[in-house]
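To start, the structure under review is shown below, and the notes come after it.
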Amino acid sequence: MKISVCRKAHFNAAHRLHNPEWDDAKNKAIFGKCNNPNFHGHNYQLEVWLSGKIDEETGYLIDLKILSKLIEEEIENRFDHKNLNLDTEEFKTLNPTAENICIVIWNLLRGKLDASLDLKVRLFETDRNIVEYPAI
Amino acid sequence: MKISVCRKAHFNAAHRLHNPEWDDAKNKAIFGKCNNPNFHGHNYQLEVWLSGKIDEETGYLIDLKILSKLIEEEIENRFDHKNLNLDTEEFKTLNPTAENICIVIWNLLRGKLDASLDLKVRLFETDRNIVEYPAI
Amino acid sequence: MKISVCRKAHFNAAHRLHNPEWDDAKNKAIFGKCNNPNFHGHNYQLEVWLSGKIDEETGYLIDLKILSKLIEEEIENRFDHKNLNLDTEEFKTLNPTAENICIVIWNLLRGKLDASLDLKVRLFETDRNIVEYPAI
Amino acid sequence: MKISVCRKAHFNAAHRLHNPEWDDAKNKAIFGKCNNPNFHGHNYQLEVWLSGKIDEETGYLIDLKILSKLIEEEIENRFDHKNLNLDTEEFKTLNPTAENICIVIWNLLRGKLDASLDLKVRLFETDRNIVEYPAI
Amino acid sequence: MKISVCRKAHFNAAHRLHNPEWDDAKNKAIFGKCNNPNFHGHNYQLEVWLSGKIDEETGYLIDLKILSKLIEEEIENRFDHKNLNLDTEEFKTLNPTAENICIVIWNLLRGKLDASLDLKVRLFETDRNIVEYPAI
Amino acid sequence: MKISVCRKAHFNAAHRLHNPEWDDAKNKAIFGKCNNPNFHGHNYQLEVWLSGKIDEETGYLIDLKILSKLIEEEIENRFDHKNLNLDTEEFKTLNPTAENICIVIWNLLRGKLDASLDLKVRLFETDRNIVEYPAI
């Protein structure tokens, strides 16, 4: 049977929810306070879960120092203390909902991980709103 | 691949575990302190998880304001600051164990949600005792 | 300088807020949902803080096994899985608000502790409502 | 002896640390990532602590429904889903450090509370960075 | 559909990561600070999840008092306040990584549980490092 | 009025409680499981609180990057992934109770901080056992 390991991380960012194909009234109606043109922000908490077989020599699925460094390089350096809409390539044209941020993070990490490892990403936008990809 | 989103909620209620088909001695033996005829209570913490496909226009699986309102109307208004055994239809004849409360909540929400969305409910009776339906 | 140590504990109980000198309408107006005649309940979280001088032989202010046992005997056995209004002497005629519960706990513990130790009690009725006695 | 009660609340906001009397290089040197001209953001967690004497009729220091509504009206409505630098009067010319936000909140609440109540405000900018006013 | 219940527990232990087939330099290079010959330690938090069908008479999947006692006897008594490398049979020759500890716990509990119950074990080595077996 | 700021940190260490002036039986009787000659361990969580006047130019009491670096250099590098009894000068002859660790940390930091800043240290040995110096 496979085993899973998780490393937690976090980044603090500003964002605004907005669909440029809609007029202001519809954006306001759908996204409410999250549509504020001047942005708001969150402390995003991130859980990166990998699943696979234990390496018998180390007793590790993966060295968490390596996973931690990967998350720092690919995710924290890219998104921490940034405005997701203005400062990042990923959300120039993609609406930075928690769902889309979670999938973007999954894709950024997937490309850097060995194919033998399964990947799940759980993102807490607040303590009460959580997203997980792929689905639980 | 599908994505999942979760909204947390909570309600504070009194309850008593009791099987009316058993005598007092057996109820005491099986349910212990939880059988107290005068009731005890909990701060129930609730996680409602939905899974499905993202709406490309909004970037949402579901607007959490809608899910939050549904939980308020169907669950919080029904159970918050209530005596589950005495004040609710659902537990008049059903023993309000965490397991049964979790399944009742699942059924109440399932009937109000679009069939395209998968539903899971996680209920914390205390910080140490958790129930999830369907099974993890 | 003195040092403080804290031990956490918890008890799960039912209660109802009610002033018998008021009529039902006033009780409902003041205590709202907390006045439900059939009770509701909480997972009460408790922090007991003692302050004083370290014992040089042990390096302890107090052996936490002793404090933990005192809390179990004086507080948990008295209130856990109880209906505060119906099952306890302390709240037969005293309204079991978080404030009053906190002061009752302080008095129960104060009588059992060495006079050289200062005592503070912090009580969480929910994650969002906290009481501390004496005042911070 | 006085007793204290606490109500928790939260607001999600964008901000930028910046001193307009300094040039860009000094702002960058002092405030680092927090000086990002496009802003970043946080989930601010707030604890409002009041101290005073219990009302013997209610058993309350203060009805937490009243305190909760006051926090909503004075703090959450003002700061939630806002850009502190651009959308609020309070931080048009005041640098929105956690320290300054905490003192602004204290002043906003102080003016609305009975003089017999002592007030403390604790603000969590992240899980690791906390501010309290007046000092512990 | 099956339901899951979880009971949390914890134990505090010392350990050292080390592969006796490697020389000191390689152990240091792979395990870093965790290879300290004098050991370090953790507060391990444990979640034991069982899945199956509810007993209609009790409304329980399993009486959590029974599960709690099983965890105490099989896991806490064995590992709490121990040096995993020196004081336990299980890790005399097995490297006590979080992954291996999690699988050892799974095997210890699996042998004592009814075959109709599915078992998952989640182990927190720290707040940031988590392992789950079988994989999520 | 002064303001307080707090930075959290953590270190994982092994330790053993022992008084060399007592025989084994007395050590076992007083310190129980904590006297295990092979050590056990904890994830120590640390809160460092400073109080003083805000710098009007920065809006900071102290730059938390500076405080964070000080904690890393003075505390984390000294104690993280160490055996407190064997690997540190501070606890060669001082019993590493939570109380003594807290005071040692206070002294290490006090010597490096400006005299205008008041210092408090709160140390969590586990989630349930906390120490604070000076006393609350």
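Order of writing sets the chain letters: A, B, C, D, E and F. Residues in each chain are counted from 1.
Assume a residue touches a chain if its C-beta (ideal position, glycine included) is under 8 Å from a C-beta of that chain, and two chains touch if they have at least 3 such contacts.
Just so it is clear, the model here is predicted, and its values are computed rather than measured.
> Would you mind checking the shortest number of contact hops between chain A and chain D?
1
> Tell me which chains count as touching both chain A and chain C.
Expected: B, D.
> What is the shortest path, in steps, from chain B to chain F when you may only step between chains that touch?
Counted as steps through touching chains, the separation is 2.
> Just going by residue numbers, which of A-E, B-E or E-F has an interface where over half the contact pairs are the same as at A-D?
Checked against A-D: the matching pair is E-F.
> Please report how many Å separate the Cα centroid of chain C from that of chain F, as a whole number.
29
> Check each residue of chain A and list the ones that touch at least two other chains.
Each of 127 in chain A touches at least two other chains.
> By the document's touch rule, what are all the touching chain pairs in this structure?
Listed by label, chains in contact pair as A-B, A-D, A-E, B-C, B-E, C-D, C-F, D-F, E-F.
> Which residues of chain F touch chain D in their complex?
For this pair, the touching residues of chain F are 1-9, 47, 49, 51-52, 54, 57-61, 63-65, 118, 120.
> State the interface residues of chain D toward chain A in the complex, per the touch definition above.
Interface residues on the chain D side: 10, 12-15, 33-34, 36, 38-43, 80-83, 86-87, 126-127.
> Write out the stretch or stretches of chain C touching chain D in their complex.
17, 19, 21, 30-32, 94-100, 102-103, 127-136
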